[in-house]
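Read through the structures below before going on.
Paired with subunit B in one complex and with subunit C in the other, subunit A is shared by the two complexes that follow.
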Partner chain A sequence: MYWVSIVTEAGIFAILALGLDVIWGWAGDFDLMFYGYLALGSYMTFVLTIGKPTPPVEYIIGGHLPVLVSMVVAIAVVVAFAAIIGAIALRNLREIYFAVTTLGAVSALYLIVENYTPLFDGYNGVYGLINPGQTALNLTYNGYRILLLVVVLLLLALAYLLVQRLSRSPFGRMLRSVREDERAAAAYGRNVFFSKYRAYLFGAAFAGLAGGLFAIFVSAFNPSAWTPQELLVIYAAILVGGRGNPRGVILGVFVIYIGLIELTRFLPSPASRPDFGPALRQVLIGLMIILMLRFRPQGFFPERPGVDPGPRPAGRRPWRLRVPAMAASSDTAAASPATTPASPEAASARQAADEGGAG
Partner chain B sequence: MSTFLISVGVGLSTAAILALSAVAFTLEYAVSRIANFAHGEFLTIGAYAAYSGQAIFHQNVAAAALTAAVAGMLAGLALNAGVIEQFRGRSAITVLIATLGVALIVQNVLIMVYGAANVSYSFAQGGLHHIGPFLLTTSGIEVIFSALAVAGLIYVLLQYTRFGKAVRAVSQDRALAQVSGIPAQRVVMGTWALAGAISGFAGFVLADTIGTFGPQLGFSFLLLTITAAVAGGIGRPYATLGGALIVGLVIQIAGTYTSSAYQLVYAFLLLVVLMLFRPNGVFVRRSSTAVRV
Partner chain C sequence: MSDALLEIENLTKSFGGVHAVRECTFSVPEGGVAGLIGPNGAGKSTVVDLVSGFGLPDSGSIRLAGEQLIGKRPDVISRLGLIRTFQTPREWRNLTVIDNLMLARRRFADESFWRSMAHARRIRRAEEADRVAVRGILDRFGLAELKNELAVRLSGGQKRLLEFARIAAAEPRLIILDEPMGGVNPVLGARIGDAVRQFAAEGRTVIVVEHNLPFIERTCDQVVVMDLGEVIAQGPFSGLRGNPRVIEAYLGMDLGHG
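Let's turn to the complex of A and B:
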């Protein structure tokens, strides 16, 4: 059961990381608000599902909807919220200004949720068991946990297929071209703001979904569950796996979550210092972020150049460029077929992982 | 009216601490062209250094302040040598993420050493004084005057010394300063030491003003610091002082009339308004809205 829990949690965070990777990996926007969307999705799923609050507990709505409906509504709320933040932060602000604005947004949201109790019961948070269909299926608690794991993994697979498809679509390439050079992309007629905006909303929807799953998984949610530190773990996982490469991102999350938890589980934690173990884990994550950025910013599974080979010449084996992005900076220009003339996406996606897209 | 004036008085001491922190932040930006998200940790380190030192110094506030400044200075030097210089030539956002990693490390090392629970100093706050229309504690007055003194010191240092001239040159163009015979690396180092010392001192003052503090002290002050720096115009030390005054007064006055818990919310709203309409600071006559660093 222990492993079922860990893998379920890692699966939920993998869905979250896939969404964040669209915003950061493809569109290149370092978003500090992102974990707030998971929190919002989680809170909304709770208040729509668990019914009216009993005093002194208080929160908004208190609906009694089926959990699937609540999750869809929660995702819609998250996307609507992201639409406001994105409209402010993405229009003219880039790089550090964008990061600062999203940091401000998440701090403000955090403070409001924590201090304004009528919203989500402030610091205590909301809780309630959400187990749709457990009685109908006549499952034990453990059986239900396994079912949840299967559902999470299925959703993760679906999310992966969607992201993978999107990654090679014109939309994915447009985002990368905008990330690499906004002016060039704009000169080719791409709407820079709108493409980034769509990526932002798309990523936020993933966070909303992960939030809903998280609500079912932990059956309680309060502000201490979404401190800014949690988001850095996701960024570390994406950095390790490979920014912009969905497969790498999923692998990164599983390695970081399971690896770190397993590694630090057996560390001695003095009874007088219960915080020692978790703190050490955070230190390791911080170190990992710095070392990855310094020595291998493209991650261990770098983003592959998403060059569309165009219509295949008849009779030849279909081929894909499998050149590692690092080595691909100049020689793929010659190798890439000229069937996609003057495509800025193709031209710039090549440099994708040179600096991890950061430079 | 008297509530308003009292909050202005408290706002002044908030603004004074903010000014110190924001000037340091902006100096770091000026020479290295990066936003240091581990800046708050300089304050935290200063505060904890003074906390460790107070067992030795007892009630000697000046010695505690000096300890905080020295600790902050060492932290500044270490961060610049260990991280910032290692990332030279990388994009500002890459360095930002790295400093965020540093912030995570420092906070959690402090938890490992001091525990996650809040700690507090035992320095006397002094009595209340009516000064003109304001109501301030003795330490509040000391905060305001020490901030003014440090600000004056920075002004003299930047404006009238060879080091200050070199700092201004490096902040204009590091490569050009280098070929003109200015030891750019040493100047950048010196600036980080200075910024660290100012922040460490600010951290001590902040912790003493708040009363109790934990490892999150500096990080939760980071947003205010950045807002103040943006209000003045990032990278412009003198304008930042004015920015800090605006931010300190706005959040204190707005907080007094609603709830002090929401101060950061007002800071964020102010930040958004500034970002949208005056991203280069309120003291620039016309600022382009398109910010692309």
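Let's turn to the complex of A and C:
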């Protein structure tokens, strides 16, 4: 059952990462609010399903909906919330300014949820969503957990197919043009804000779904479950797998998530320092981000470029062939500096250019 | 005036205390190549930004085929049939050359979120027709062998050609080129001149902002001269040689030979 639990959790985070990759990998927006959407989806699924609170516990709504209906409503709430945040943050802010604004938004959300108890019972959080539907399905506890794993993996497969389809569509290509050069995209008729906005809402819907699944998975949820470090793991997974490549992203999550937990599980944990394992995990993640950015910023499965398989076969080494106009002029200067670095300086300049493009 | 494609009237824009463009008025007729010249700081690039929606003027009017452009976003103006370039090529770096051109084809309807999801197969078929056209354009600009390369891997000259290939793929009504000859060698320059003339031959209107006067003389049917944010002369290039204001603006440069 240990493995069922680990794989289920990784599957949920893979769905989350697919959504984040649309926002960061395709549209290029480094969103720090994202884990807040998972939390909101989780909280909403709880309060719509677990019924009225008994004092002194307090939270909003207290509905008695079937859990699947709750999850759909939760996704809608998350998307609506993202619509507000995105409308403000994506309008004019980019890169670090956008990141800081979304960090501010998630910090505000965190403080409000933690301190304003009528919302989701503050620091105590919400609980009591224990295997909803288990008796109706006539399953044992373990049978239910295996069913949950199957459902999560099915939803992940569905999410993957959806994202993969969009990734190769004109919509995905348009988003990437906005990421690569916003002004050129606008000069060619793309509404930059609206493009990014659509990606943002689409990504947030994935976070809402992941939040709902997470609620069922953990059966209790409070502010300690969504500290800012959690998002770093997801970003690290995308970076390792390959930003903009859905297959890479899923693989990255499974490798990082399961790999890290397994690696640190058997380490001796000093009794005086019970937080040694989790702390070491953070260090390893930080180290991995640095190493990836230095040596393979595009990830192990880089974004797949849109190639033309058409009738004209591509040249064996196409960068060697120069356009006639260039070939007629001074020869070495015309050779592409990106593929034939003449000096260490040129090589490091290319490195910098590559990293700039990826980060 | 009524047959003009682009009409600019009393356009004014200042940044802080600096009047970048002052009561600027000129028009460009449909078809042919117009040059917009002037010394550094004359306000040429500001005019280009204002026309293409990348800046908001303080006052004045800009009409494209009779439609007021002021207050419209760059993407809206672009969809009216205007494509502009920037002083440095702005290719979509980590996309392939062919994707750069497919984006320039601008099938906006197929880029809708729902259509992209629901009609993937129909869209792919429509794209195949576009790819044929795009391959022809790549051939024309000598980029066919590079079509599956990332644009970032291209040399400076190839990036210039990609810029022109994108314009050809977009099939705009009005093209504004902001210093297309910047940092370009003579051989590539001749090729760019040919491309500009070919756009005109296809019935498109081209406005070229440029410092390279021999290029302007060879390529343009008429010229607008700006200095200190104002239009100081307009007409065929040959008629400007004797114009004292133009000579003064160019510090007595011999306009005949650049």
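Please note the rule applied: the second predicted complex is superposed on the first by the 304 of 359 C-alpha atoms of A that agree within 3 Å, B and C clash if a C-alpha of one lies under 4 Å from a C-alpha of the other, contacts with A are read in each partner's own complex, and residues count from 1 in each chain.
Just so we're on the same page, a residue touches a chain if its C-beta (ideal position, glycine included) is under 8 Å from a C-beta of that chain, and two chains touch if they have at least 3 such contacts.
Keep in mind that this is a model prediction, so the values were computed, not measured.
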**Request:** Could you tell me if A:172 is touching subunit B, subunit C, both of them or neither one (first, second, both, neither)?
**Result:** second
**Message:** Going by the contact rule set out at the top, does A:188 touch subunit B (first), subunit C (second), both, or neither?
**Reply:** second
**Request:** Answer with first, second, both or neither: which of subunit B and subunit C does A:162 touch in the superposed model?
**Result:** second
**Asked** After lining up the shared chain so the two structures overlap, which partner does A:198 touch, if you call subunit B first and subunit C second: first, second, both or neither?
**Response** second
**Asked** Of the partners subunit B and subunit C, which touch A:180 in the superposed model: first, second, both, neither?
**Response** second
**Request:** Applying the touch criterion given at the start, work out whether A:297 contacts subunit B, subunit C, both or neither, answering first, second, both or neither.
**Result:** first
**Message:** Going by the contact definition given at the top, which residues of subunit A touch subunit B in one complex and subunit C in the other?
**Reply:** 358
**Prompt:** In the complex of these two chains, what residues of subunit A are touching subunit C?
**Reply:** 162, 165-166, 169-174, 176-177, 180-181, 183-192, 198, 202, 303, 305-308, 310-312, 314-315, 318-319, 321-326, 328-330, 334-339, 353, 357-358
**Message:** Touching residues of subunit C toward subunit A in the complex: what are they?
**Reply:** 52-54, 73-75, 78-79, 83-86, 90-96, 98-99, 102-104, 106-108, 110-113, 115-117, 120, 123, 127, 131, 135, 141-150, 152-155, 157-158, 161, 166, 170, 185-188, 190-191
**Request:** Report the residues of subunit A in contact with subunit B in the complex, numbered from low to high.
**Result:** 30, 88, 91-97, 99-101, 103-105, 107-108, 111-112, 114-115, 182, 228-229, 232, 235, 273, 275-276, 279-280, 282-283, 285-290, 293-294, 297, 355-356, 358-359
**Asked** What part of subunit B is in contact with subunit A in the complex they form?
**Response** 34-35, 83, 86-87, 90-94, 96-98, 100-105, 107-109, 111-112, 115-116, 219-220, 222-223, 226-227, 230, 259, 261-262, 264-265, 267-269, 271-272, 275-276, 279, 289-293
